[in-house]
């Protein structure tokens, strides 16, 4: 029974990673940049939801929606001010700007909300945990997070394969110059990608803080890096890959802690990551692109 | 060495017109029944060709016939599914590109691949990489060996550049050169590896007629000066017919004809492949 | 024609050496006159370390074109091995400078060796996948060092990687004690040695860049397939750059470790790696002098902004973004080149007018 | 242009006045403070900076010896802490209240020892801190003492038979307490059934650690960690239906004041703390009220420690008759003499005394949370 419980724990944290990784991977696929500020947008999303529900006393749904709106606007603003001017430069340059944005968001959050931790009320706090077979516990957060991440994954897959904007996103991700020649507005497509990515970040923030209730200005940074790892793990740029990578990373992490050592769990998780990348150099579901000679 | 086949030598006469001077010398390139599949699709099949030490051979065929794929097979960029490639008598099976190059084969690329951020001179010196004998330690700590090696390398590189008329451009950034010059620089870089055969992938593409004529002279001059074999892909029939001593024709990944320019010109299969069945006489 | 190019390269190298030497002389002079504040005196050694780290990372990122997010891992290996060696040699080697140099060489060698061992499997990967693997490596190193115990007791030299503090046999002392790290370090680092390390690094890196190996490394960066086609073994040269970079980072780490009284593994985390990367990118990829200057400026900047109190880090972030936009944005570049052209024209006209 | 010039001149004059004002007044001592004001540990540094300012204002209001406070950010990093220390030294620091966290303190202590700057740390609790020099004093319990006392209390009151531990293996404070706790537990014959770690990087998810404690059947979980992570552990435990006795140390103080935290989860939590924000004594009440008024937050134990540092410094300095005109060596010597001989009553303990190493001796107080308030466990 233990192993099942740990599996559930792993899926729980894994689906949080997965939701963050979905945003990462989408932005990477289309804009070809590692948006290290993504984790901090998540933190902002969680704070907005917190403020709306606790200070204004509005219902949870309003909190989620409002934080999605704020994050979307924030994402577009960041993209327009800090990333767009660097379009066409090496991706490293944009990476550094993203780090600058990350510092900015963290410190701005500290000035606005102070460094004191806040305890986030779970959005499904009134949902009773399921107890199966006596000792097995599945909390409401797990169910909701897994469900939402699956819905988002399916939604994104549908969106990119069936809608006009989604298709243009894929075109931009395949070949930006060709897409431009075909009359696709590349800048607008990238902005929309950021908008969607940031709205997802808000959802991720709310769900993450529901499972892990401590909210601080630095809350987003470490899960952000983990999610980035997850995205690469699954094959960066691939939407199902991000989902798979996130869940697997969560499970590996939990099992490493449960059966090997909590002290060395970091080393074990990253060791597994290295080994998998050596066997599958483009991640689990990533396409190995052969350079044309 | 297990991969050392009995060396085939040039037989004169064959259906190919080998140069008389090559008679009895070992083949520099010997390709036997080469084939490659990409995910079930056969791109090249049973391709055989052989080149003598100072032969100029052309590889022609319609677009998509698999010409560049053959070059990639010869240089180890792709590993063949079937058949073998022998360079100077040594089988290249399982060798990576840099090892194959050391056997004495060098190439240029259809879509020019220069080291764009480096100077023209440095591009050539990179080509001479395996010729420069200088240990890692003497490079790091500027031991005497370094200066001697660099001096020799500079002199040789300038000599090669001068040969192709590029000496004046030695300090230019390679990426900033005009197209035709970049093509010539690629040839110099290939020559710098001290090859016994070079593969030229559409050397005249993007050149105007006068540049092409100039190139024809240069190709012959390369062969005569360095005594090496040249295998080239080209769409410019004028160049191919004038420069090449033998021509291989490829269609749908298969060799459809081999022979002298005269023979190829009159070969009905070739005409059909190029002009289509309906329009053929 | 050929000469001009060589001279240009040499000129730039010369300028790099000159800037570093002049800066050193000025700082030494000011310090001997007692004109330097404690704060500035305190920056000298860490700035030297970060310059060396930036140059060594630039070799990897700028010259070799491989993104590494785990440079702090090598720095950490160098720091801990250097500090442990210096502590062990306390009674055998009297001369402090000699002990420091031995520690640096040891730290560098160990970092280089580990770099080599890791490089064998890892350097087959490219681009962002290599980046994530280096990140993973940095985290693994931090995790292992944080649970590592090194010390001496009556049974001799003790070494353990354990989840709980092992027991010593009889009298003895842990030098490196898990998460606690090393405390009570006898500080050995001096600005002069730091300066020496910068010169050594410049010498090695600039020599490497202008040699057969350096050309091969740049060729691999510019066009891997073409580099292979001229007989360059791509993996070998990425490995050479990786090992040299790790070696230098290890030396800088030892210098860093011996500049503070305490040292712990958490310092060598992702953020430190990123900071060094920021120095490199801001200074210009492949631009060694740029790395020297940006490491110095970006180290001092947040310190100089201490007066801003709560707003310090947020303003630093804004400055970082703005500098990136101004130095990299194609539009800004276009604009500045237009302005520069106009200035030139203006200058020319004035000259012509003056001539008339 | 003229306006700008005028503005600059005015500013210059104002600063000049301030500068003159500060240096002309006799009997002013410059106190430096260094702690994390940004980054992940900012909550602790900020609390110290604020509380120290409150204490300094109170001291200055007395009209006698004046204190001037300068707070610098060290980002919870040894390297930055040395820079912060040097900056303070350039400013003319005569005594130091800091550093807030252990790691930087281990790097700054030897510097201060060399410069003979008297230093009292409010909250850097590793035992090595005080050993860095004769001029370095601590006002908080040292980690080994906390681990030892915790084990003793648990054994004495038989609070639990099977003990689980969750600690931060990347943190000096946490591992310091853990080491002494396990050692003492062994001597006392306590059974430790599991020891689980997390690091500053993996603290996002603590479910597994809690689950492992549950699986191992621990009926008491010892938490030598700060309240931020502890609040997370309590929430997780309640979700999976695990209710052992939780036992924390001084870092646990503040848990009741985490914004929006469901304090019912902390019901029955035991902890070792010298400070209780809801204590009824006049000084504590006044301090807490003042802090709440200024910053709209309840002060935690870090703040209380800082408050005591300033007042203890004031008591020693006035007793020694210092005016601030003395050299740093003299101030240091006088303060060391006072600290090792005086008794100080503060809000984190009555009758504090210090030994020559700089360790504080004050009454340890085990409290438990009952109805959302601290109740002494006797």
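The first chain written gets the first letter, and so on, giving A, B, C and D; residue counts start at 1 in each chain.
By our rule, contacts are C-beta pairs under 8 Å (C-beta built on N, C-alpha and C of every residue); 3 or more make two chains touch, one makes a residue touch a chain.
The structure presented is a predicted model; accordingly, all values stated were derived computationally and were not measured.
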Chain occupying the middle, per Cα centroid: C
Greatest separation from chain C - chain, by CA centre: B
Chain C-chain D separation of Cα centroids, rounded to whole Å: 35
Geometric centre distance via CA averages, chain C-chain B, whole Å: 43
Where chain A and chain B are represented by their mean Cα positions, the distance between them in whole Å: 49
Approximate Å spacing (C-alpha centroids) for the pair chain A, chain C: 31
Contacts with two or more other chains, residues of chain C listed in rising order: 139, 143, 147, 163, 225, 310, 313
Junction residues of chain D - those touching two or more other chains: 38, 169, 197, 199-201
For chain B, residues that touch 2 or more chains besides their own: 77, 109
Parts of chain D lying in touch with chain C, wherever the complex brings them together: 37-38, 71-73, 77-79, 82-87, 89-90, 103, 106-107, 109-111, 126, 128, 131-132, 169-172, 174-176, 179, 182, 195, 197, 199-201
Chain A-touching residues of chain D, taken from the complex the two chains share: 38-40, 42-43, 46, 169, 196-209, 211-212, 215, 228-229, 231-232, 235, 239-241, 258-262, 297
Touching residues (chain side chain C, partner chain B) in the complex: 1-2, 4-6, 8, 203-204, 207-208, 211-216, 218-219, 222-223, 225-234, 240, 244
Partner chain D, residues of chain A touching it in the complex: 2, 5-6, 9, 12-13, 50, 54, 107, 110, 114-121, 129, 131, 137, 139, 141, 208, 211-214, 216-218, 222-223, 226, 250, 253-254, 257-258, 262-263, 265-266
Touching residues on chain C, where the partner in the complex is chain D: 37-39, 41-43, 46, 139, 143, 146-147, 163-165, 178-181, 183-184, 187, 256, 260-267, 269, 303, 306, 309-310, 312-313
